[in-house]
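Two complexes come next, and they have one chain in common, chain A, joined by chain B in the first and chain C in the second.
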Partner chain A sequence: MRWVIGLIAAVAVLIALPLVVESAFAIDICIRILLFSFIGVAWNLMGGYAKQLSLGHAAYFGLGAYTSTILQINYDISPWIGMVAGGCVAMLASLPIGWLCFRLRGPYFTIATIATAQALMLIFLKFRDFAWGAEGTTIPNLGNAPLMMQFEEKAGYYYVVLGLLALALAINYKIEKSWMGYYLVAIGEDEDAAEAVGINAPRIKRDIYLISSFLTALAGTFYVQYIYFIDPATAFSFNVSIEAALVSIVGGIGTLWGPVIGTVLLETTSALLQSWLGSGIGGIQLTIYSLILMAVILWRPTGIMGYFYELAARRRARLVKA
Partner chain B sequence: MADALVIKKLNKRFGGLRAVQDVSFTVRENETLALIGPNGAGKTTAFNLIMGFHRPDEGSVTAFGTEIVGMRPYQVCAQGLARTFQVAKPFGGMTVLDNVMTGAFLHYRNPEEARDKAREVIEFVGLSARESTAARDITTIDQRRLEMARALATQPKILLLDEVMAGLNPSEVDQAVALIDKLSGSGLTIVIVEHLMRAIMAVSKHIVVLDHGQKIAEGNPKDVMANPEVIRAYLGSYAHSPNGGVA
Partner chain C sequence: MVGTIIQAVINGLLIGGIYALVSIGVTLIFGVVKIVNFAQGEFVMIGMYISFFLSTQLGIDPIVSLVVTMPVLFVVGVLVQHFLIRRVLGPNDMPQIFLTFALSLLLLNLSLMLFTANYRTVHTWYSDEAFHFAGLYVPYAKLIAFVVAMALSGCLWVFLRTTDLGKAMRAASQNRDVASLMGINPDRVFAVAFGLALALAGAAGSLLMPFQSAYPFVGQVFVLMAFIAVVLGTLGNVIGALVASLLMGIAESLGIQFVGADSGLLVVFVMFLLTLVFKPNGLGGGKAR
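For the complex of A and B:
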């Protein structure tokens, strides 16, 4: 019961936050934290539970971003609909991409996923009539138009992405507690052993890839709506792929809250370092940021959540002995 | 007794090596068949061919009348065949209970039901005390027990055990033999690959001997052990040369 009360309190605080905090800079950081937590949770379903380390999730981020933008600018369709359409496009794209990449295992799989995101970026760069090519386009500012996912106040965006994160966490929770969650972890641990106990590994991997890419595409739509601009380098940015994996790894892969904790840690550190040291020696904030990353990966390879689980297990073991 | 598993003319080449050549044998329902042979004889390959981990070049395997060659391992498992691995492959990060639940989910998609079924099997193999330990932290014999429990949780009709007793001390071997007897007593058909003669004699009345990928003998333990081909395969040709030999 205690965690239910805690959860309700946390939700209340999160909902009240934009009403209390007035600094647009602070809200911007909050939005980025929520957004990358959301992408992290989406990535973690496949990369964390099933340990299919994709570094190509930018492919779906970009497809989501482009689908909604093309629908909005060329056909005047609301990004709310475009968002779902983008998710569906991403799911469709994940089928052939998965069919190709899942033939490979381990590092080869990872490299193949990087290639798919890069290939999509090149396609959007080269075919200019299709989607504005390299120069990209700005998204028309309609003022305060909630139905077109545009808000005058940053608070509006904040609630949208908070809702997205809540949705992803709910889906993740559902999956984790069901047979699917066990199957994903089993595949991540040992695919041969998983197949030997009757797990249809190719199908499970395909299904989780569908879910993961759908959610990632929603983030893409949200992001371009938030920054009012789209070009291939932004939409298919390798940074998105890296960040999605990184926040999960730092926070604890294969755990519900890992990506959220990882993002809070990394994004705040990065934002604070930027504002403290950004004007000093060039690149110093990135150096410190990387040192923190290396420290976490060296000393806490199971991530921060993994560390808490170890502590809990040790306490349980002590109780059993006593 | 009906035929549970019928293997006919199984062939598998790896490059120039004929790992399994024209191997045929039949496992009857509720019998325990032992597959023996020197290192590299093709026993584990035969297992992998039966379970769909490798595809045979030629031959057929039928389980209760259904052809299973060409099926993937998870489909073979759904046909009622389960296996353990020679090198135990537990899901290390999961607890013992969660490991066995992954097997139970094959027939019970509801986590509560799967948990109950998993607990039954864990108790059967005698692992209840380790239920919430991470699989990577348990001892070798317990990992073997876990492999068996996870396989049993899929409710197989045929269980294939790949060297479950390797590396166990004598008293652990006795425990494993007792466990296999108990499984056989519950009506299961068992195929066991094993090096340990003492254990084979204890659990099996039907032995198939492989050497260099070929079946060289089949029958009850006493006849098989007296078979000159078998002695030659295990001890070398000197052991049974016509004029007495050195060995």
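For the complex of A and C:
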């Protein structure tokens, strides 16, 4: 029962946060943390549990962003509908992309996913009639229009992304506790062995890729609504793919809370660095991120969550002894 | 028309030689150490910066600076293998992928901090000179780069075929356990393979310098090409990687010529995707040599 009370308390704090915190900078950091936690959870479903280490999730982030923006600007359709439409476009795209990339395993799967995301970016750069080409476009500012996913206060965005993260965590929790979750872990441990005991690995991988790409696309729509701007370099940014994987690995790959903890650590570090050094020095954020990533891989490959589990196990062992 | 096609093929072939140096390195590491080095492109970038500084500070010609970049990167490779890669070898490929990936991010962003994103160019006496032949145009800098790249690839091939160390390397790539039973020290073989691969990347950097600007992201272009070439040429196969690199250089150049200046990479991606559809084991049919 203790964890239920803890969870309710945490949710209450998260909901009250924008009412208490005045600084726009702080709320912006909270939004970034929630957004990248959300993307991390979406990535972790496939990358963490099934160990299909994609570095191409920017493909779906971008498709979600472009679908809702095209619908909004050309057809005046609310981004709320555009968001779901973007998710569906991403799911449709994940079928052929998955069909291609799942032919490869391990590192070459990773490379194929990078290539597909890059190819999509090039397509959006090249076909300017269809989506504004390299210049991109700004999203018309309608003032306070919650029905068009635009808010005057940053708190509005905060609640949207908090809701998204809650949705992703709920889906993740459901999957983790279902047969699907066990199938995914089995595939992640040893795909051939999983197939040998009768798991239809290609189907499971396809299904989890559908869910993962749908969620990632929602994040894309949210992000362009938040920054009021879209271009191929932002929407299909390789950094999105990197951060999705990075927060999960640092936090604890294949765990429910890993991506959230990883994002809190990395984004706080980067915010502190920014306020300490200013944003003048290019590359410093990713330099620090890559050092953290290397340290985690060399000394604690199960991530921060793995460390917690280890501590808990040690404590339990001590209690049993006593 | 025919002239344009031949010119595009020549351009592609010349740059393909550089792609070959990078992708032979990737495939050598994959074949012997069984990991994919995501940081290979960043070592090309480091090679370029070394050549750039040798040229601007000491006046050494970039191509001559090969004699510095290759040994320096060989040593770097041995150290990287010994202190980083060796610790993550094993059946689990997650740490391997993300360790080399983190290394790539680190080197890229460190050079962004140290050297800024500015383009650094070296101008040599042969940078603008070209060789005209039957209406065709062959820039000296690219021709030299191509010839040296092919010579280095040839040397590597001879080394793998004829020397004891080369044979040990091929043995370790075929079966690590049996090789170590035969008295081959896998740590040593892996370190040499990693060193050689990085030396090739360094050579590619020096050879590029007379006609390509150095900037922190320059390696990314080459490494993506190299990865695709390595899949096309069958993982771990040196000759396959060489042939695939030349083909990809040609495909990219034809793409630039006939589809549009920004479409070279797109053509290559399409080729890659088609390969995945029809020949997922590579054009050679799947045997790693």
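Going forward, the second predicted complex is superposed on the first by the 299 of 322 C-alpha atoms of A that agree within 3 Å, B and C clash if a C-alpha of one lies under 4 Å from a C-alpha of the other, contacts with A are read in each partner's own complex, and residues count from 1 in each chain.
The rule is short, and it goes like this: a contact is a pair of C-beta atoms (placed from the backbone, for glycine too) under 8 Å apart; a residue touches a chain by one contact, two chains touch by 3 or more.
Here the structure is a predicted model, which means the values were calculated and not measured.
K.L.:
Looking at the overlay, what does A:Leu147 touch: chain B (first), chain C (second), both, or neither?
P.N.:
Neither partner.
K.L.:
A:Trp179 in the overlay: touching chain B, chain C, both, or neither? Say first, second, both or neither.
P.N.:
So A:Trp179 only meets chain B here.
K.L.:
State whether A:Leu19 touches chain B only (first), chain C only (second), both chains, or neither.
P.N.:
Neither partner.
K.L.:
Would you sort A:Val197 into first (chain B), second (chain C), both or neither based on which partner it touches?
P.N.:
first
K.L.:
Is A:Leu319 touching the first partner chain B, the second partner chain C, both, or neither of them?
P.N.:
neither
K.L.:
Given the touch rule stated above, what does A:Ile5 touch, chain B (first), chain C (second), both, or neither?
P.N.:
Neither chain B nor chain C is touched by A:Ile5.
K.L.:
On chain A, which partner's contacts cover more residues, chain B's or chain C's?
P.N.:
C
K.L.:
Could you please specify the touching residues of chain C with respect to chain A in the complex?
P.N.:
So the residues of chain C touching chain A come out as 35-36, 38, 84, 87-88, 92-99, 101-103, 105-106, 108-113, 116-117, 216, 224, 227-228, 231, 235, 260, 262-263, 265-266, 269-270, 272-273, 276-277, 280.
K.L.:
Which of the residues in chain A come into contact with chain C in the complex?
P.N.:
These residues of chain A touch chain C: 51, 53, 55, 100-101, 103-104, 106-108, 110-112, 114-116, 118-119, 122-123, 125-126, 242, 245, 249, 253, 281-287, 289-291, 293-294, 297-298, 301.
K.L.:
Which bits of chain A are touching chain B when the two form their complex?
P.N.:
So the residues of chain A in touch with chain B come to 177-179, 182-183, 185-186, 189-190, 192-201, 254, 313, 316.
K.L.:
Can you check the complex and tell me which residues of chain B touch chain A?
P.N.:
Spelled out, the residues of chain B in touch with chain A are 51, 53, 72-74, 77-78, 82-83, 85, 89-94, 98, 101-103, 105-106, 109, 111, 114, 132, 134, 150-151, 153-154.
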